[in-house]
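Before anything else, here is the set of structures, which you'll find just below.
Below, subunit A partners subunit B and then partners subunit C, in two separate complexes.
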Partner chain A sequence: MTPGDGTLRDSASAPKRGDTYSINWRLVLSVVVLQSILLVVSPPLVVFALIEVMIFALYASALNLLLSFSGMVSFGHAVYFGLGAYGLALSITHFDFPIALGIIAGPLVSAFFGLVYGILCVQLTAIYAAMLTLACAEVTFAVVFQWFDVTGGDSGISGHVPTMLGLEPYQFGLVVLCVVTVAILMLWRVVYSPLGLTIRAVGQNPARAAALGHGRKSVQLIAFVISAFFSGVAGTLFGIFHGNVFPDYVGILFTVDGLLMVVLGGLYSFGAGIYGAIVYKLLDNLAAHYFEYWQLVIGCIIVIVVLVSPSGIAGLVRRIVSRIGPRR
Partner chain B sequence: MLFVQVLQGVMEGIFLFLIASGLTLIFGVSRIVNFAHGSFYMVGAFLTYQIYPWIAEGTALGFFATIVICGLLVAALGLLFEIFLLRRVYHAEELMQLVLTLAAVLIIRDATKFIWGLDDVTVSLPDALAGAAVVGGTYLPTYQLVMVGVGVVVLAAVWGFLKFTHAGIILRAATDDRGMVALLGINQAHVFSSVFAIGCFLAGIAGGFAAAFESINYLLDTRVIVLAFIVVVIGGLGNLYGALYASLAVGILKALGLLFAPRLSMVIIFLLMAVVLLIRSLRRTTE
Partner chain C sequence: MSQPALRVRGLHKEFGRFVALDSVDLTVDEGEIRAIIGPNGAGKTTLINVLGGQIVADRGSVEVAGRRLNRQHPHQVAKLGVGRTYQISSTLRRMTVFDNMLCAHNAVSGKWFSLSAGRLRKMEDAVLADLKAIELDGLADQVVDDISHGDRKRLEFGMVLATRPKVLLLDEPTAGMGLRERHELIDLVLAVTRERGLTLVFVEHDIDVVFKAAETITVMALGGVFAEGKPEEIAANSAVQDIYLGGTG
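Up next is the complex of A and B:
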């Protein structure tokens, strides 16, 4: 793959005439209002599903910052997700933090590990870098899984924080909605800021970006840490949602979930994580309910997306909007 | 004790090489990182379980015949996968290729669950291979020694194929510079397909052999693919001889790790991979 040859990539990130990168507040507001109404009127079971979708939308969006924009592939992103939950749990059980402080500690722990592992991983490129993220993830998983005295090993940690902070499901859903919305808006600001432009430039063509004075390593490291931090926010929320934490949260399955969501959603678009999380979790909840072999279904859908519509759901949405929307 | 453990490691290393060689050959020629390789291995194991009772169960000859047949069946499956799916993404992004093979992992795993269920199954060894030999004061199962022999034979066959046959020369050339091979008028699609089939064949027979010494279930794919990847990465992607040394190193390290620090054996192997990757990158930047 030579840098800058992806037509997909170019069409998604090149500014189109009439497009602005300022936040579409009307859209954000309507989504938030709609989601709030859904949360309030739905029965608890649906509310749980909605909460999970929101948390994973943030996690996948954070991963998407790497995949779509910075030119990196992470095969171990569950580490930063899971360490958010572990950061919360361990700071409370081992350092006697109050819950509020623990919630802040979670994402910071993720960001810290993002920094440490990121420094190693940006030394390499392409598939080798991806393999190193996998190695870091597996080592972390092994430590979490086996350091029984601290992490509780296989049985995890629970009881450190009341499930959903002791709130009603819909109330907690509203809290998650606030946090996730703010976090995703912040990610949007990152992607479409001068920093984001640099990240995208490095992602598309490291050599040209270097010629402009932007070294690949430092820029990718910044993207990596930001992504780890927001994954940690999602993980911390997930830890509070379930009131526990298990080694699985750090494991390869959560990594694969994130990757599949982003590809399903559509690489090289900002919304990939959000669309992907909605569809993936919907399938997870529905298909798993009616059909035992739902991974077969998701596998086939992914194959179709990769072969027929590489721009994923985001591409589909773009096409529909441009067809029915007002002409510019 | 140490000697036996090292021997165990060598055996495991040779076995790993059966899987890793296919993976690294495929990457070398077509630049595809094939996550589904472990799945083909698993299919080989289950097919052996399925077919062995039909072909002279209990005899050593029937056992080997079964494994070869299963290898061919898995190669056919791999060929179908390559022709109908993988071929369409050779020019797409790396990530798309990865995700496609990842999707194949999901599909094959659920299909396996559907066909063979969730429980562990085992293949009983033919009587001729079930004994044990005394080596250095300890018993070593005959079967493991046979597997080492088979591993060496396969290794020699692959080496001879690459070194002396016309197809082998084309494969080596394609690993070096596939554009140039295409310019010489050699049909690239055929090269890619055949290397994929060969890789799957190796994975299939490895799975067949594995079926006889451990219980197999639908989780076999992930158990093996991670280790195979480590081997391939340490050896250098696309480097067959590197993969051989790395298989032996990982096999021995794993066996010794089990002896001295059982809880850390996987961690040690991952650290080895991380260190090799980083050292290689340092050397590249200082050159």
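Up next is the complex of A and C:
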């Protein structure tokens, strides 16, 4: 090929486009094996940190489905996280569910509230919808906080499930790894399927999607419920991990944690939640260890990352990979 | 004679005190190519928006292929076989050209909620064929944000075609394009419209394009239909020339 002959690409050698949607099993397997080894060889304190990272990676990935793909912002996503833990606890303490059934009930409670609040929130768009998600979260927090007879109010619920199911930390870590891996692969399936394409079309341009025949509200509602469900899976795991549940779990701080992870990880990329959770939790642990005003340090780092790479860590990773990776 | 593709009766729409549409009557036959022209503020885009379901009129009726629209949402109107483009091209800017067309195919596949990635892979050949038909296959892997304005307009038109509409509503299909691309696009629009026997209603400011393409021209002014007729009748109509001069001068 002579330079400047106008040929943009040889279409025969172009990669097959459908492959973008395939799961990179080699990558998944390497990450799972590496993480398993880390869990087995690390001391308990590190294992605890790793478990927390995995749970938040799932929570942030579920939130990311909304932020990056569906065109919605949730300022109250801790509700669906926390209600997973409350669903588990209440189904055992108030309905005498066996633990196994309670674990299934947790995410379903989250999905149910995702449906109810979602129906309200998709009636509005943009900042108005986001404000409504915040309002729904505040209502939920108030109820959980004040309905002492049922939720235990400020003192929460504990003792309903043995901490980490009575397993050794590394064993519980392996269970979490399995659940989180399967859940994130399911989210991948959602995003890179006909449904995901529809969600992304509606998220990017509701007017064009409507002209193609998609109603915005129903599509966004589906995304909202899926996101709530997987947030609930993360919350249920978190409830088992600590063997308790407090109103904080549905509170604004957990919401902000999730939002920060996604932004730090990089909007409009599937890996945002995973990258964000790893880096944010790492900072959280390290900064708290070395600095007195550790939140200030984290805040500054986030500001710098967002300024240097608006596409977040995912954007940085993409740039590095494209520089050192094979050229096509 | 089959019923008209579009029949509009007594359409009225006000925005505050501004009368955008003032009892508009319009009948477009099946397979007809109709241009809507008129000075700025004449109500052309509002009319297109009412036909597409984006705006609900205050009074009056709209029938598409004999079916009366009754406050349907835009996506429901789209399903009745009305395809539209926007004055400012409306595409999925963060996706590739290929994925944009894939969205159109996915939307009409009837299984947009499926979780099977295999369904998307099966659409690949049809998507590429459609991109070839609008001569965008060379840009398939470009992100839409990075392609030219004219190519975006072309892509938007192609996506609308992929949804197999019976009636095409194009709001200024060539706005902001260079002279050559303008005529290339309108030639493409005409070729497809005739080949598939579609009904075409388009708003256009470029008079050359209008007279080249339209079989009938509707002139709008101040929210109403001012004149209607064959291109040569409109060209000879001195009153039309007056409002054009009066409206813009």
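Here, the second predicted complex is superposed on the first by the 309 of 328 C-alpha atoms of A that agree within 3 Å, B and C clash if a C-alpha of one lies under 4 Å from a C-alpha of the other, contacts with A are read in each partner's own complex, and residues count from 1 in each chain.
Please note the rule applied: a residue touches a chain if its C-beta (ideal position, glycine included) is under 8 Å from a C-beta of that chain, and two chains touch if they have at least 3 such contacts.
In this text the structure is predicted, and so the values were computed from the model without any measurement.
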item: Touched partner set for A:V116, first subunit B, second subunit C, both or neither; value: neither
item: A:V182 touches, of subunit B and subunit C: first, second, both or neither?; value: neither
item: Touching partner for A:V150 - first (subunit B), second (subunit C), both, neither; value: neither
item: Touching partner for A:L101 - first (subunit B), second (subunit C), both, neither; value: neither
item: Touched partner set for A:I298, first subunit B, second subunit C, both or neither; value: first
item: Subunit B versus subunit C as contact partner of A:E138, first or second or both or neither; value: first
item: First, second, both or neither for A:I37, with subunit B first and subunit C second; value: neither
item: Residues of subunit A contacting subunit B in one complex and subunit C in the other; value: 8
item: Residue ranges of subunit C in contact with subunit A within the complex; value: 52, 54, 73-76, 78-79, 83-84, 86, 90-95, 98-99, 102-104, 106-109, 111-117, 119-121, 124, 137-141, 156, 159-160, 163
item: Subunit A-touching residues of subunit B, taken from the complex the two chains share; value: 33, 85, 88-89, 92-96, 98-100, 102-107, 109-111, 113-114, 222, 226, 229-230, 233, 237, 263-264, 266-267, 270-271, 273-274, 277-278, 280-282
item: Residues on subunit A engaged by subunit C in the complex (per definition of touch); value: 8-9, 11, 14, 16-18, 21-22, 189-190, 192-195, 197-198, 200-201, 204-205, 207-216, 222, 268
item: Of subunit A, residues touching subunit B in the complex; value: 1, 6, 8, 67, 73, 120, 123-124, 126-128, 131-132, 134-136, 138-139, 142-143, 146, 252, 256, 259-260, 263, 267, 293-296, 298-300, 302-303, 306-307, 310
